Amino acid sequence: MVNDVKYADIRIGDTASFAKTISEADVYAFAGVSGDFNPIHVDAEFAKGTRFGQRIAHGILTGSLVSTVIGTGLPGKNTVYLSQEMKFLAPVFIGDTLKAEVKVVEKNDEKKILVLDTWVTNQHGRQVLSGQARVMKMEG
Amino acid sequence: MVNDVKYADIRIGDTASFAKTISEADVYAFAGVSGDFNPIHVDAEFAKGTRFGQRIAHGILTGSLVSTVIGTGLPGKNTVYLSQEMKFLAPVFIGDTLKAEVKVVEKNDEKKILVLDTWVTNQHGRQVLSGQARVMKMEG
Amino acid sequence: MVNDVKYADIRIGDTASFAKTISEADVYAFAGVSGDFNPIHVDAEFAKGTRFGQRIAHGILTGSLVSTVIGTGLPGKNTVYLSQEMKFLAPVFIGDTLKAEVKVVEKNDEKKILVLDTWVTNQHGRQVLSGQARVMKMEG
Amino acid sequence: MVNDVKYADIRIGDTASFAKTISEADVYAFAGVSGDFNPIHVDAEFAKGTRFGQRIAHGILTGSLVSTVIGTGLPGKNTVYLSQEMKFLAPVFIGDTLKAEVKVVEKNDEKKILVLDTWVTNQHGRQVLSGQARVMKMEG
């Protein structure tokens, strides 16, 4: 599903979300596309010996779910992504279920630019990512 | 190959890079993992009618190459990703060759935290992404 | 299709083959699984400046088609792969159509071991890989 | 990260390695690229009835990790792969962590050809692949 929310219909405080369980295949596909084969992501033996105790997902993979909310939910079509800040707050393990959320916190009507608070929470309710996005809605 | 650069050996000004041509398969795999099926990425007919004229890569896919430089090049192993800011400066088209680069700009010796300038350039020398990362090097 | 050719039915001189056009997606998936992001495979700008002039497929990707002939054609099911030698004779470019072939050259009846000549040819009739395989056929 | 080790800087005895846990997604992607759908790799019910008791990774998939060490680690960029021999010594199961290693054993200065011993070990320290590679380092 890809929404197409008009700029005029967006209110400060509007929210949208997207949730997905992160599979081993997701982590491996992400490594395969990005080239990031850091052993914490793809070497289970190495990961055992770290503070995390097991392989973790790439932070940017977690961040990509925010892109999904923006690109398919709010505002959806015809959105130009201007910037994204991400703080990685806690590790994401294979099998974790992540919920990415965005909330409109500013509107700049002249340029149709929106500022969105963005965050991702795991199945235990712990925030694993927080940040802010700036997007521009293209219309007519 | 994954480097393991010791914190003590890292100097302000050190750089590393990673380059890759972005294929259609990359964009589709990224859509498949993230769920971001915004038509600008996967609908060539839709894309024709936009300011870009063709499908573009996800901004976060471009950003993932920065993660690759950090996770496999500098500092490589045993790096904890704390934050990443990304400004998306220009569209990335299927077939573009991207070079992601990082440069150490600050060291915080107490916590072994590094601040890195991060940017991505296309084959025409145009910067398509700029930003900054904070990482912590874990060591025995 | 996966054959199950009985050891007793295999004759010296028997052959089998498998053909496929190598897509960019194949090369990128192979990089993504193996971790081999050497720029000759995934960086079109770099590849322009080399003797090859363009990106080439991984040699082992070419070799994997031999595995396909053995594992699905001759002898197919219940074959244990003991060894494979590969000489890489010429570059394989994205879009090339490869035909992998095997030919039985020796039978060791006591252990049900076969020696196979193996080679891969491109659409111009040029051999791009040659070598030899040893396999053991497992049977009830 | 892709190294670019100069021929003159390479010494007999130099080594490099790359490690990765083999996921089900890796085995399936490898089947999808190569076409090798032998049931021992992709049919769990069939595999139960074999000497292995479960699905195993393709031998050439294991071998591809050697290509990664050569193509990204030693010598890295500008390496032409001339040949690879592989003996498959033990089965690799989904979830095994493999470490591929290479060691320079011969240098032919006239043609800048290197001979490398190549082997892959699993998480139990058992060698699953051994062999030898010949590569040529291209330089200005």
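Note that the chains are named A, B, C and D in the order they appear, and that numbering of residues resets to 1 at the start of each chain.
Rule of thumb we're sticking to: a contact is a pair of C-beta atoms (placed from the backbone, for glycine too) under 8 Å apart; a residue touches a chain by one contact, two chains touch by 3 or more.
As the structure is a computational prediction, the values presented were derived from the model and not from experiment.
**Q** For subunit B and subunit C, which third chains touch each of them?
**A** A, D
**Q** Computing the C-alpha centre of each chain, which chain sits at the greatest distance from subunit D?
**A** A
**Q** Please work out which of C-D and A-C is bridged by more C-beta pairs in contact, and write that pair.
**A** More C-beta contacts join the chains of C-D.
**Q** Using CA atom averages as chain centres, what separation in Å is found between subunit C and subunit D?
**A** Inter-chain centre distance comes to 15 Å.
**Q** Indicate the whole-number Å distance between the mean C-alpha point of subunit B and the mean C-alpha point of subunit D.
**A** 27
**Q** Quick check: how many Å separate the C-alpha centres of subunit A and subunit C?
**A** Once rounded, the distance between the two centres reads 40 Å.
**Q** Name the residues of subunit A that each touch 2 or more other chains.
**A** 28-29, 32-33, 35, 37, 39, 42
**Q** Which bits of subunit B are touching subunit D when the two form their complex?
**A** Residues of subunit B touching subunit D: 1-3, 16, 18, 68-69, 72-73, 76.
**Q** So in the complex, the part of subunit A that touches subunit B is made up of which residues?
**A** These residues of subunit A touch subunit B: 2, 18, 20, 26, 29-30, 32-41, 50-51, 58-61, 63-68, 71-72, 76-79, 81-88, 131, 138.
**Q** Across the complex, what residues on subunit A touch subunit C?
**A** Against subunit C, subunit A makes touches at 28-29, 31-33, 35, 37, 42.
**Q** Which residues of subunit A touch subunit D in their complex?
**A** Against subunit D, subunit A makes touches at 24-25, 28-29, 32, 37, 39, 42-46, 55.
**Q** Per the contact definition, I'd like the list of subunit D residues that touch subunit A in the complex.
**A** 18-21, 23-26, 29, 95, 97, 123
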